[in-house]
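Structures incoming, each one as C-alpha cells.
Two complexes are shown next, each including chain A; its partner changes from chain B in the first to chain C in the second.
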Partner chain A sequence: MTWELVVLLGWGAVMTAALSIVSITVGLAIGVLICAASLSRVAPLKWFGRVYVSFFRGVPLLVLLLLIYHVLPQLGLDVPGVVAALIGLTLCTSAYQAETLRGGFVNVAPGLMEAGRMVGLNARQILLRIRAPIALRLTLPALVNEAIMILKASSLVSVVGVGDLTRTAQNLASSTFLPLEMFAVAGAYYLLLNIVVGYGGSGLGRLLGLRPA
Partner chain B sequence: MSDFSALREAMPEIVDGLWLTLAMWLAASALGLVLGLAIALARRFGPVWVDRPLWAVVGVIRGTPFLVQIFLLYYGGPFIGLELDPTPAGLGGLALYGAAYFSEILRGGLLAIPPGHVEAGMCIGLSRLQIVRRIMLPEMTLLVLPASVNMFVVLLKETAVLSIITVPELTMAVTGFGSANFAFSQAALVLAIVYWTLTELTGGLGRLLERRLDRFKLA
Partner chain C sequence: MSDTLAITLRGVVKRYGSNTVLRGIDLDIRHGEVTCLIGPSGSGKSTLLRCMAFLEEHDAGLIRVAGDPLGFDAARNRLPQTEIARVRRNIGMVFQQFNLWPHMTALGNVAEGLRQVLRLPKRQAQERAMAHLTRVGLADRASYYPSQLSGGQQQRVAIARALAMDPKIVLFDEPTSSLDPELTGEVLNVMRSLADDGMTMVVVTHEIGFAAHVAQHLVFLDEGQVALEGRAGDVFAQPWHPRLRQFLETYLDRGASVLLG
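After this line comes the complex of A and B, so read on.
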C-alpha cells in the first residue's frame, strides 16, 4: 500500500462525490415535482406520483441501473455508462426524496395554516411562508440521511463500468493483489465522505436557523 | 425473448434463484434482527467498554456501502484466513449489514420507551429481566415496527447486490439468461417487476401488521 494508491483511490472518491452531488441535486428538483404531483387533487397526477415513488423505491438500484444501461441503447440513445449511472441514481433518489418531502408536508400542523388564513395570507403566502419552511425543517435530517444513502448506493455504478471509488478499488485490488487494503481504504474514504455530509447537514440546519423539530 | 424454448430450459435455474433470494433474505433478516437486538441491549445496559466498540463497528457498517463490505469479506477474507464460498459470504455479510441497522432501530425504540412505564414496573416489584421482557420489549416492538419493515425491504433489495460476487440468486440467474440469449433489457425488466412485486407485498404485509397491532398502542 503506497501513497500513490491512496491518491488514485482519492480520485475515485472525487468521482463518487461528483456523481452523488449531481444526482442528489437533480433528484431534489424532480423529487419536489413528484411530491407536488402525489399531493395533487388531480387523480391522474396523484397516481403518477404514487406509482413513480413505489416503483423507483421498490426496485433494487442494481436492477434499475442494468435496466437503464440496456434499455437506452435500444431506444436509440447510445449514452456512456456514466450518463446511465447518473440517470439511475437520480431517478432512485428523486423517489425517496419525494416521499420524504410528502411526509414533511403532510405533517405540518393544520392549525399553523389556519392561523395564516386568519391573518389574511393568501394560498401562495401560506405555502411559501408557513408550509414549505416547516416541511423543510421536518425533512432536512431525512434528506441528509438520503444524501448518505445515495453516496453509498453510488458504489453500484461500478457495475456499469463507471470509474468511481468502488471501481477504482476493484481495479487496483486485482492489479496489486491487495484486496483487503484496497477495499479497506475505499471504505475509509466512504466513511470520511459520509462524516462530511453528516456534519455539513447539521451545519446547514444551523445556517438556515432550523431547530430539530 | 422470442425464443421460448431457451426460456423453458433456463426456468429451473431462475426458479432456484428466486428461492435462494427469498431464503437468503429471510435468513439474513432473522440473523440480523437477533444480532441487532443483542447489540442494542448490550449497548443500552452494558458497560461503556462494550458500548464504545459496538458504536464504532455499527458506525463503520452504516457508513460504508454494502458492496464494499461484501468485496472486503469475499476478496479480502482469504488473506486473513477467511475463505468463504459466495453464498455463505453473502449471507454473513448481509446479516451483519442488517444487524448494524437493526441495532440502531431497536436502540432508538428502547430509548423512546417512556421512563414512567419502567418506573411503574419497578414500583410493583418486577425484576429487571421482567421489566425488559414484559414492558420494554413489547413497547419497543410497536415503536420500531415501521422502521423494521422498511429495513426488511432494504435487505430484500440488497440481495440483488450479491449477484456481483456470483451468488446464484435471482438477479444472477436472470441476467445470466439475459446475456446468454442477448435479451439484456428484457431480463432487467423482468427483474424489476419481480422485485417491485416482492417489495410492495412486504410493505403491504407490514402495513397490515401495523394496523393489527395498533390496538395495543397506549393512547
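After this line comes the complex of A and C, so read on.
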C-alpha cells in the first residue's frame, strides 16, 4: 500500500463526489418542479408528477443506468458513460427528492397558512414566505439523507464504465492483489465524503436560518 | 347598513357533507363589545367563528363585516378574492394552537403583515411590531423564536400579531385551551385589557369566569343554533334553560358554581 495508490483512489473519490454533487443539485431543481406538478390542481400535471415519481422510484437504479446506457446509442446519441451515469443518478434522486418535498409541503400545518391569510398575505406570499420555508425546514434532514444515499448508490455507475471510487478500487484491487487495503481505503473515502455532506447539511440549515423544531 | 354593527349574520348555514353544523344563525356583533360564544363541544362554535373570518365558506345566509358582505353577496355571488381580502382586513384572529410561524422570531411574526401587506419600510414595521409586543408585555422576547417561548407567551405574540394589522374586530377561538392552567391568566389579562380599550372581540371560550366578568354579550350555542343570547349578566342570571344549565354544570369545577343559584 503506497501513497500513490491512496492518491489514485482519491481521484476516484473526486469522480464520485462530482457525480453526486451534480446529480443531487440538478435532481433538486427537477424535484422542485415535479413536486409542484404533483401538488398542482391541474389534473394532467398532477398525474405526470405522480407517474414520474412512481417510475423513477420504482425502477432499481442499476437497471435504470443500464437502460439509459443502452437506450441512448439506439437513439443515435453516442454519449460517454459519465453522461449516462449522470442522467440515471439525476432522474433517480429527483423522484425521491420530489416525494420528500411533497411530504414536507403537505405536512405544513394548515393553521400556519390560515394565520397568513388572516394577516392579509396573498396566496403567493403564503407560499413563498410561509409554506415553502417551513416545508424546507421539515425536509432538510431527509434531503441530506437522500444526498448520502445517492453518494453511496453512485457506486453502481461502475456498470457503465465510469471510473468512480468503487470502480477504481476494484481495478486497483485486481492489479495490486491488495483487495482488503483498497476497499478499506475506498470505504474510508466514502465515509469522509458523507461526513462532509452531513456537516454541509447542518451548515446549509444555519445559512438558511432554519432552526430545529 | 348600520355602522353600529361590527358583524351581522343572517340565516347562516354551514354543512360538512350531510352534517349540518350551523342551522341558520342570526347574530349581531356590536362595536366595542366583547361577545363570548359558549356551548357544548361540537355545537359549532369554532365553525361559526371561522365563518366570520371566511376561513370556512358558509353554504347559505349572509355575513356582513362593517356593513360589507363577506365572501358572498346577498344574491349569493362569490365575491372576488381581492374583495374578500379587503373585507377580511377588518378582522384579526387568534387561534387555539397559536399558529405562530416557527421560522420567524416573535418580532418577525408580528412584523410580517406590516412588511408584506402594508408594505411598511423595515424600520417602521419593526418599531410598530415592537410597540405591539410591548403592549402584550413581551418586548424582552422580541428576538426569541416560538419554540423558545412558553405557550402563554406564544399566545400573547399571536395576539400582538393580530393587533398589529389594526383590525376592527378580533376573533379568539379558545385562546387558552391549549395552555397549562397557570399560563391562562397572563393571556386572559391581555384580553381583558384589550376589552377595556374598547376592542370589539368575539371569544369562543370555556372560561366561564372570563365570560361572566368581561363579556357584555353572551351567546349560548347548541346543536348549531343560538339557543340563548343576551347580556352576559342576564343569561347567567337565568340558567333555567335546561341545556345551558346542563352545560354550566359540566363546568362547575371551573368556577361556574357561583353563577348557579
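Simple rule for what comes next: the second predicted complex is superposed on the first by the 213 of 213 C-alpha atoms of A that agree within 3 Å, B and C clash if a C-alpha of one lies under 4 Å from a C-alpha of the other, contacts with A are read in each partner's own complex, and residues count from 1 in each chain.
Everything that follows uses one rule, which is that a residue touches a chain if its C-beta (ideal position, glycine included) is under 8 Å from a C-beta of that chain, and two chains touch if they have at least 3 such contacts.
Here the structure is a predicted model, which means the values were calculated and not measured.
Superposition model on chain A: chain B and chain C are shown accommodated side by side without a clash.
Once the two complexes are overlaid on the shared chain, A:Gln125 sits against chain C while remaining clear of chain B. Residue contacts after overlaying the shared chain place A:Tyr52 against neither chain B nor chain C.
Measured by the number of chain A residues touched, the leading partner among chain B and chain C is B.
In the superposition on chain A, A:Ala169 makes contact with chain B only, not with chain C. Legend: residue contacts after superposition of the two complexes on their common chain; A:Leu67 is shown touching chain B, with no touch to chain C.
In the superposition on chain A, contact is made by A:Leu156 with chain B only, not with chain C. After overlaying the two complexes on the shared chain, residue contacts for A:Tyr96 are found with neither chain B nor chain C. Once the two complexes are laid over each other on the shared chain, residue contacts for A:Gly111 go to chain C alone; chain B is not touched. Of the two partner chains, chain C is the only one touched by A:Arg137; chain B is not. Between chain B and chain C the least C-alpha distance in the superposed model amounts to 17 Å. Those residues of chain C that touch chain A in the complex are listed here as 53, 55, 85, 88-89, 91-93, 95, 97, 99-103, 112-113, 116-117, 145, 147, 158, 161-162, 164-165. Listed in rising order, the residues of chain A touching chain C in the complex are 109, 111-112, 114-122, 125, 129-130, 133-134, 137, 209-213. Residue ranges of chain A in contact with chain B, taken from their complex: 54-55, 57-64, 66-67, 70-71, 74, 148, 152-156, 158-159, 166, 169-170, 173, 179-180, 183-184, 186-187, 190-191, 194-195. Interface residues of chain B facing chain A in the complex, by the touch rule stated above, are 59-60, 63-69, 71-72, 75-76, 79-80, 153, 157-161, 163-164, 171, 175, 184-185, 187-189, 191-192, 195-196, 199-200, 203.
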